[in-house]
Amino acid sequence: MIALPLWIVPAAPLVLLALLLVPQARPALRALVPLAPLPALAAALASPAPAPVTLDWLMLGTELALTDTARPFLGFTAALWALAGWQALRLLRDAPGRDRFLACFLLAMTGNLGLLVAQDIAAFYSFFAAMSLASWGLVLQGGGAAQVFAGRVYIGFAVTGELALFAGLSLGAFATGETRLAAMAGPEVPALATALMAAGLLVKLGAVPLHLWLPLAHAAAPAPASAVLSGAMLKAGLFGLMTVLPLGSAALPGAAAGLAAMALAGLVLAPALGLVQAEAKAVLAYSSIGQMSLMALGLAAGLAAPAAWPLLGPAVLLLAVHHAFAKAALFLGVPAVWSTAPGALRAALLAALALLALALAGLPATSGAIAKTALKEALEAAPAGWQVWLGTALFAASLGTALLMLRALWLLADAPQKPDTAGDVALPWLGATGLVLAAPWLLPGGAAAAPDPADLVPPGLAAALALAALALVRSFGLRLAPPKAGELLGLFEAAPRPAPVLALPPPPRRGRTLVVRRGRGAVARPERGALAILGVAAALALVMALAPAGPAPVSAPPAPVTGEG
Amino acid sequence: MSPVVLFDAALALGVLGCAALALTLRDRTGTVAAFMLTGLLVALSWLRLGAPDVALAEAAIGAGLTGALFLRGARRLGPLRARPPAPAQAAAAALGAAVLSAALLWAFATAPAESLYPPRVAAALEDSGVSNPVTAVLLNFRAWDTLLEIAVLVVALLLVMTLSPPRVIPDKLGALVQPFARIVVPVAVLVAGHLLWQGAEAPGGAFQAGAVLAGAGLALVLGGVRVDRRVLRRALTALALAGLAVFTLAALASQAVTGALLGYPDGQAKAWIIAIEGALTLSIAATLCLLFTGYGRRSAR
Amino acid sequence: MVTETSLLVTLPFLAALAAAAAPRAAATLGMAATLANAGFAALLARALLADGARETSLGGWEAPLGITLRADGLAALMIGMTALVGSAVALQAMGRPAPGRPAPAGGFWPLWLATLGAMNALFLSDDLFNLYVTFEILGLSAVGLTALTGSRRALRAAFDYLSAGLAGSLLLLLGVALAYAEAGRVDLAAVPALVETMRGRIALALVLAGLAVKAALFPLHFWMPAAHANAAPPASALLSALVVKTALYVALRLSLEGGAGIAPARAALAVAGSGAMLWGAWNALRAERLKLLVAHSTVAQIGLIALALGVAGNPADSTLWQAAALLMLSHALAKAAMFLAAGRIAEELGHDRISGLNRTELRPGAAEFAFAIAAVSLIGLPPTAGFVGKWVLIEGLIAREAWIWVALVMTGTVLSAAYLSRVVSRCLRGGPHVAPGARRPAWHMGDVAALGLAVGALALGLASALPFALLETTLT
Amino acid sequence: MTPDLIYPAAGAGLIGLALWRLATCGDTLRRIMALNVLAVGIAMLMLAAGRETLMLAAGRETSTLAAGRDTLTRAAGQDTPQTAGAGFLQAAADPVPQAFVLTGIVVLVAVTAALMALAERLGARDGD
């Protein structure tokens, strides 16, 4: 096998991007977009791994290498970009602004693939920034009001995250005197630098409360862009964290607790907010928040118990790979459903999607179950105080995912057909689905994993809850109000003041007071009121004058008050 | 004293008779005339009851100004269109009213009538700054009541401003009214000033003076002086609001000086009272005028 | 030295004048004065909790010749209630365009500030004639608030309100005149002497009859539902939550002063109160419009408070009257929230027919939520202030084995749950009853005010120790 | 009939009349007028009660009384010529109810003006 030069991994999409700038070449080159990540895929699968490359002339001296951690990341990332690129070509065949989208797509791809092989902080940061900023174009595709709002929120969070990451990397580099990325996990890096780097990466990871951009962006972007956002780019944040945090080398209980709190909040919040969404892609986005929180929980456990990291690391990695494929496949499936009319074909599609959903929820004999089992076993090594929480969190995550999946499928089943969606958008989805379903045989240790009956509990419970909710909704005619997009941010959105509501004529007045008798028309008879006053005054005076003053006769029958007109 | 008793009895019968006429006549103008006559007779009877301050106020405000208001309303509301009450209702009303008024007569006639006030007023009159006991009560001993009473006037004015009923545009009364107004207005201003000044020791004071001034103002209005000029109306409104403002600020200032709300400094009580009364007179006159002329943009007849 | 007591009674009037003189700045001035008033109310309550009740002789003249301002726990509680509800309503009025054509006098604000000043003066007053004058200010400004919308119904209601209110005031004045003839004085300290004689008791009966008109106590409530239902929402909230409370407050004062001698009047109050509770609930159950339902619910709740006042017995023997005070407080908060919420609902639906509250496109929002919380407080479910008040009342009645009254209170509670659930349940159901073009307005100050008041009613139940501590400093 | 009874009777009569009218007539102007008559009746009762007080105290004549009578005589010559003749006038009454009544008159004219404004707005709408 030819040794693949590693620089080709980021260079392939970049070169394609440069070529695309020539308008005459575009029609021919567009078809190459799905092929741009193939060198990266080849590099990931190559055995032995490609040799490191040093480019001293570039920036501070760029070094590219494929570490053991990065290798699986590179593999699934490349595969996802390829599949998403394929679907993007089909889906956006006639869309206005397609070329701009493809350019952003390629730039983001460059960044995403490049940051996985970058070994120095300058390159890492540059690739990371390229990915983040180029994704803005992916979110904005279409240019509707939702896209503009999502884009504004996304770029705000992205720039803030970039700044934090840059500040953290600079601080770290200044403190250690090194530009290697690996040095950022060293013991002499100040805590502030680690915190800043982590913050920047956690924004990308979508950890609560830095997740606000995520549901907006995922819901607004086209489906293939959502697929790479959720499948590949969120994982870039995870990869960054796994690189810069001192995992397995130092115990940071405080940081671990903080990270765990964020993760737990995400696990609770994701299903709660996701279930009330009215759009399938938004529901899937919330499910991503939940799953990423689960991975963050693994990282937190690793921070708390360095000894457990050798087991935890692969488990988190496994979870990431599994989630990347499954979630990307789900996102890719959305346009496939749109292209069909409700009927047998759609039912078949939904059934296939349901399989993916079950895998994501961790049904036995799927990649989800393998990942979850691995994580569960790894967590055994976590400190004792964590055990209680972790078990519950795992269960909550499974239950929440299952519920969200049901909700997403429910919404997809109801989705109207979009006739301008080509039928062949389903092909990339089929590829992704096939990969997910074949995963138990592809993944290490997959075949050995015995199905655990306990894994059936969360999906079962979720199904029962969903049925109960359905019954409740049907019998009482309750409806759910879709919340404003963007949760808290929605409140700050400046909505134009609505025009005054057209008033219906008030209902006919039917008096019920002393003044007005029914059937007598609306003519008030104020003298009746005066007569009542007169009568009450006279009666009260009589009562007071004649009744002997004594101790209050509370339960005694008091004198009658008369005088009603 | 038999002729006096006879006079009293005749007066009381006259009051009752006029009031009954006012409340039963079907002709609007007739009822208002009867009402004004009732007011004048009542004022007379209050002179007999030893209350000249009140009699002055009743004649000016109760009979005069209220009567003018009723006249305005009688023109605008049109003829009476009341349905006769059901016999049972009329009977019940008559019975209730008779019982209540009999009970009241009994209660008031047999009440011990041992007021705690006269000795206390007599004892405190020296310190009050004025020698007319009614003025002393109104502007010193119970000045808080008076302040709130001015507030009632202001709130009524606010209400009228908000409602803005049709503005008064007088008929052309011809050549007679203007000479009349020419004589009445200066005289009324003089009388008002006199009433205000002598209120300190004799019957009179801010309310009576204000009412007389208001009467002069109404004479001007009816004589054809147009009060719908925006500037004039604004000035009058400002004047009307200023009375309460001055009184309230004076109350707070007195507390800042002496420590007691509305407690005038020793020896300066008369100056404070005259100053407040002066402001009140102008303000009351302006308020009463505005209450009569109204704020509306439309005009009626 | 200017004290917070004198600022409480003078500042609102000055602000009202300023707002009337400068209509453009009326909202700013009004809001500032309302907030300042709330601050002074809080200072007064703190001072009372620290030093106990205090009396101030105005002008240095002792009662009965002069007038005394009496600041005790009950008065401070009422002033605090007014300040709280007033601030919330003012907040709502700030964000609301003036209804109808632009008012030449600043519209809502001068009238509200005059109302505020009159109420503060009334709560502090210790003199029957002074009470009459404050009632007149209050009556006029409340009528002004009713008539603000300028619609024909509102004007009709305002006229009925003012003439009934004037008749009530004159009855009160008649009672004052008789009290003067009998006791020779008109300060509240004359009440114990008045209950000794038949004439004095007639005088008190006349005063109480006047108060019953002002409080819209059944069967003298005829003017009230129309007035409260046709005013603009902030005005309705003020009228229903605060203005009718003033008469009940004075009745409570008289009951405290009168001791055992006033027992027949208390019994009559209890009977009228139970009648009001049933009658108001019945009409609320049949009402077609939301605001009318809320107004009739006020009739019923006034009845409950009057009942509590009536059965409280001699205040020298029991502290059951504190339940009535707490019920007033909780009703004020909840009812103001309810009227503000009802206004918002009508605004977004375009109508306020109860049969049309269930709608498809407009989901329940903040206003409906506030309404539901206020309903919980009005019904008297834990942990609201309404619950604490009712609990204290029923506990006292059970201890006295007055089962009839317990049953009546319970019936009233069930009925209030029934009529309020008419509204709440409809907000959750779907149905096509939306005016064309209706849509949910954006987040609004009115929602904050209504929700704040409703949550306040809820929170007051948890913090009910504070009002009780204040009431302990009441002079009896 | 003694003089002490004449004015209370007139007052009670006015009150009864006004209450009866209020309870039997729905016309706005009449109702407002009835309320005015009611107020006059109450004022008369109050002043009569105030006068009685002073009649009782006539034996031990106070300085108030003297001052009141003096000033009253002077006022009579200047402003109320139709009742001239000092012997005809009674002693000055208790000043506090006088102040009450004075306050009541001013309050009443304010409320009457407000009521008339409301009634006229309603009446004007009727005409439309």
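Lettered A, B, C and D in written order, each chain numbered from 1.
Heads up, the rule we're going with is that a residue touches a chain if its C-beta (ideal position, glycine included) is under 8 Å from a C-beta of that chain, and two chains touch if they have at least 3 such contacts.
Chain labels with UniProt names: B = Sodium:proton antiporter.
Nothing here was measured: the structure is a model prediction, and the numbers come from that model.
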Pair joined by the larger number of C-beta contacts - A-D, A-C: A-C
Distance between the centres, which are taken as Cα means, of chain D and chain A, whole angstrom: 81
Computed distance of Cα centres, chain C from chain A, in Å: 50
Distance from the mean Cα position of chain D to that of chain B, given in whole angstrom: 11
Centroid spacing, where centroids are CA-atom means, of chain B and chain C in whole angstrom: 31
Per-residue overlap in chain C, given as positions that touch at least 2 other chains: 65, 129, 133, 136, 140, 143, 147, 155-156, 163, 167, 174, 178, 180-181, 184, 202
Touching two or more other chains - residue numbers and ranges from chain B: 85, 89, 92-93, 96-97, 100, 103-104, 108, 111, 113-115, 117, 121, 141-142, 145, 149, 152, 155-156, 159, 163
Contacts with 2+ other chains: residues of chain D: 15, 19, 22-26, 28, 31-32, 45, 49-50, 52-53, 96-97, 103, 107, 110-111, 114, 118-119, 121
Category of the chain touch graph - line, ring, star, complete, other: complete
In the complex, chain D residues that touch chain C: 15, 22, 28, 31-32, 35, 38-39, 42, 45-46, 49-50, 52-53, 96-97, 100, 103-104, 107, 110-111, 114-115, 118-119, 121-122, 125
Contacting residues of chain C [partner chain B, same complex]: 1-3, 6, 10, 13-14, 16-17, 20-21, 56-61, 64-67, 69, 103-105, 107, 110-111, 114, 117-118, 121, 129-130, 133-134, 136-137, 140-141, 143-144, 147-148, 150, 155, 174, 178, 180-182, 184-185, 199, 202-203
For the chain A and chain C complex, residues of the former touching the latter: 476-479, 481, 491, 495, 497-499, 501-510, 512-515, 524, 526, 528-530, 532-533, 536-537, 540-541, 543-545, 547, 549-556, 558-561, 563-564
Complex contacts: residues of chain C adjacent to chain A: 153, 156, 160, 163-164, 167-168, 171, 195-196, 198, 201-202, 204-206, 208-210, 212-213, 219-223, 225-226, 260-268, 270-272, 275, 283, 286-289, 296, 311, 313-314, 317, 347-353, 355-356, 360, 363-364, 397, 400-405, 428-430, 435-439, 441-443
Contact set on chain B toward chain A in their complex: 85, 89, 92-93, 96-97, 99-100, 103
